[in-house]
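Chain IDs A, B, C and D follow the sequence of writing; residue 1 opens each chain.
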Amino acid sequence: MSTLDKLAELFARFPGIGPRQSKRFVYYLLAAPIGVREELSRLVLALKKMVNVCSECQRFFTSNGNQQTLCSTCADPNRDNTLLMIVEKDVDLENIERAGAWSGKYFVLGGTIPILEKNPHERVRSKQIQKLIENRGKNNGLKEVVLALSLTSEGENTAEFLQSSLAPLSTAYGFKLSTLGRGLSTGSELEYSDPDTIRNALKNRQ
Amino acid sequence: MSTLDKLAELFARFPGIGPRQSKRFVYYLLAAPIGVREELSRLVLALKKMVNVCSECQRFFTSNGNQQTLCSTCADPNRDNTLLMIVEKDVDLENIERAGAWSGKYFVLGGTIPILEKNPHERVRSKQIQKLIENRGKNNGLKEVVLALSLTSEGENTAEFLQSSLAPLSTAYGFKLSTLGRGLSTGSELEYSDPDTIRNALKNRQ
Amino acid sequence: MSTLDKLAELFARFPGIGPRQSKRFVYYLLAAPIGVREELSRLVLALKKMVNVCSECQRFFTSNGNQQTLCSTCADPNRDNTLLMIVEKDVDLENIERAGAWSGKYFVLGGTIPILEKNPHERVRSKQIQKLIENRGKNNGLKEVVLALSLTSEGENTAEFLQSSLAPLSTAYGFKLSTLGRGLSTGSELEYSDPDTIRNALKNRQ
Amino acid sequence: MSTLDKLAELFARFPGIGPRQSKRFVYYLLAAPIGVREELSRLVLALKKMVNVCSECQRFFTSNGNQQTLCSTCADPNRDNTLLMIVEKDVDLENIERAGAWSGKYFVLGGTIPILEKNPHERVRSKQIQKLIENRGKNNGLKEVVLALSLTSEGENTAEFLQSSLAPLSTAYGFKLSTLGRGLSTGSELEYSDPDTIRNALKNRQ
């Protein structure tokens, strides 16, 4: 296989990219100034060296050269340490931060658990979250853990898994185990809402 | 203007129909058996004669010839008379019924109130709903009125209008005035949720 | 079944209309002024009385009360009688007229012939077009018949059927039997063109 | 700016990629095995070293290590050297090859000329194509040059520019200067065809 085809094949594995667009990426790079290719090559290689995983929330963050182990959110003394939100992935965390409505901490699961999965512990950072919650529970009065998973079938399956595996800790350390509110999302019309959403909107009316 | 063009123009006023599709409707009718045209003509004309407006909830319903004034839902002795849901239009009511999660009664407002509207009372059946609530409040212990408006800007404006105009009745007769739960709708992903929905999902977590 | 449901069912048979939109049509009519319903009812019923089928091209047209048998195009002495274009349906004819590039006459087939159809003569006005071409051929020097069918599988099947059934007449009366040019349509990009279109664009380069 | 953000910014310049998807690319790479990042980095850097530009048609091709200067198509003795097709970019050439209807050679312009562009010669390889045609014209009896540009406004502008700049050569060396056939593309319906396409389909009927 030629260099062009090999590179196209690598791009075709990128999220949301098909074989046709991956080809266009290759031609774009061929036509781009050499500086662009050099910087792309360098940054891709340096990615893991310059990027750390936060020892607390497990998100990726760029370290400033010194031996940081905490991301800016986990290192922030103003964030409420008694509130913890569990999300699937980094972009979910970023989107929630953008909404500006959460003053607690986060934990990134690193994935979701497919239905009927036999080894859920290999899919998500379930042991790490248990350990983190135990530590927090012992030390500083954890008040609430929010399961902030997507309302897709995999997301709901993951939430159920966490609910049952974290329930004993919730009892032991006396924190609330909650999920995000369900109902009508902003902009939605009743005429076109699905039955499940209507049922939740009714159940959670206030 | 020709008959063809006049008819096309009438169809072009139908909801969601442009000039091109309205033309196709006319040609469809021209090619259809005469029985179809005759029945369409007859039903369109008979629409208001055979269709009543329910004296309670104001929805349209087909009467069986005798002097009915109540639709099947309002006439149903098993529906809970102490619960009332206010919706914008008939199709909203039908969609909520399809979800099968409401055992109370309904009231159809007949529209929404645009922002900055000077005469909101002319846009919706606001006096009728006040009167209905007063009667219910006096007689049979109204427990809750749910404002089930769409989360569009007009829908939210209408909900605010109703909230302030029904607040005195709520105090006087002791019923709860509620709105549908807001949050993540079924199937939605956190990565793509808008900030407002995320804020509501957080606020209404449970 | 109620009047509402019966009417919704009739609208659901309209081209491109599903059960949900047909319901909205009914509610639109219920809320519309009585004048709209009366005119719609009247026009639908009068459709065939006030609309004639042109004895030449078979399209629908609105007669002015007197005993017209020809549509305005067929009655126009400035249209070239030696050129004939065969189209599937009225809207195709209208769209071609809008392009303003045809000075000849038309004939509306009234349909297309599905692949493997056993009785093609019952699907389209094949006998009428043969008779029309024979008359024209005998009388006034027919120069060309253009088969202007869509490039869908049914359209192409219909064109093939006409090509073989009109070939003997073409030989007998010495007119050209042509089809519309195939190739790149305006706005299309080579990168996204299908192989068949590229082959035609190459074959028909000029 | 952090490494994550710099890399996301580079990806956001890729064709068809917005800021959100470029972020997902970065997270995809962070989660990918180190081997994937290393190979991507290496291939991107090696791209120009292992990829040549064909000295004839100007397309990119992967050389096998030895000193090739011609791509496989230009080196193929079975391709007809008297036919030349001018295309905008590599992917256009590939799509035409896929259709399997061209036995001649190609030339890749490397771009299109925007309307009102003052220096068209800097936008496309216009001097190279002139030189190539002159050489071919002198040596081996060039019979036809096909301008295979997209039917977008820039593509048509480019075709006009080439038509006037190549006309003297066409006269001098006696080759035909042609463009791709225009008309209905496969699958298109007359009802929805634009006026320009209908006019071309009529003009190019056969």
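The rule is simple: contacts are C-beta pairs under 8 Å (C-beta built on N, C-alpha and C of every residue); 3 or more make two chains touch, one makes a residue touch a chain.
Bear in mind the structure is a predicted one, so any value in this text is a computation, not a measurement.
J.: Show which chains lie in contact with subunit C and also with subunit D.
T.: A chain counts here if it touches both subunit C and subunit D, and no chain qualifies.
J.: Hop distance check: subunit B to subunit D, minimum number of steps through touching chains?
T.: Graph distance in the chain contact network comes out at 2.
J.: Compute the centre of every chain as the mean of its C-alpha atoms, then state which one is farthest from the centre of subunit D.
T.: So the chain farthest away from subunit D turns out to be B.
J.: Using mean CA coordinates as chain centres, what's the gap between subunit A and subunit B in Å?
T.: Computed from C-alpha means, the inter-chain centre distance equals 39 Å.
J.: Please report how many Å separate the Cα centroid of subunit A from that of subunit C, as a whole number.
T.: 56
J.: Multi-chain contacts only, two chains or more: what residues does subunit A have there?
T.: 89, 91
J.: Sort out which chains touch which and give me every pair.
T.: Pairs flagged as touching, ordered by label: A-B, A-D, B-C, C-D.
J.: Mind pulling up the subunit C residues that touch subunit B in the complex?
T.: Per the touch definition, subunit C meets subunit B at residues 2-7, 10, 13-16, 21, 23-30, 34, 36-48, 50-51, 60-62, 89-91, 94.
J.: Subunit C touches which residues of subunit D in the complex?
T.: 87-89, 91-92, 95-96, 98-102, 146, 148-152, 155, 178-206
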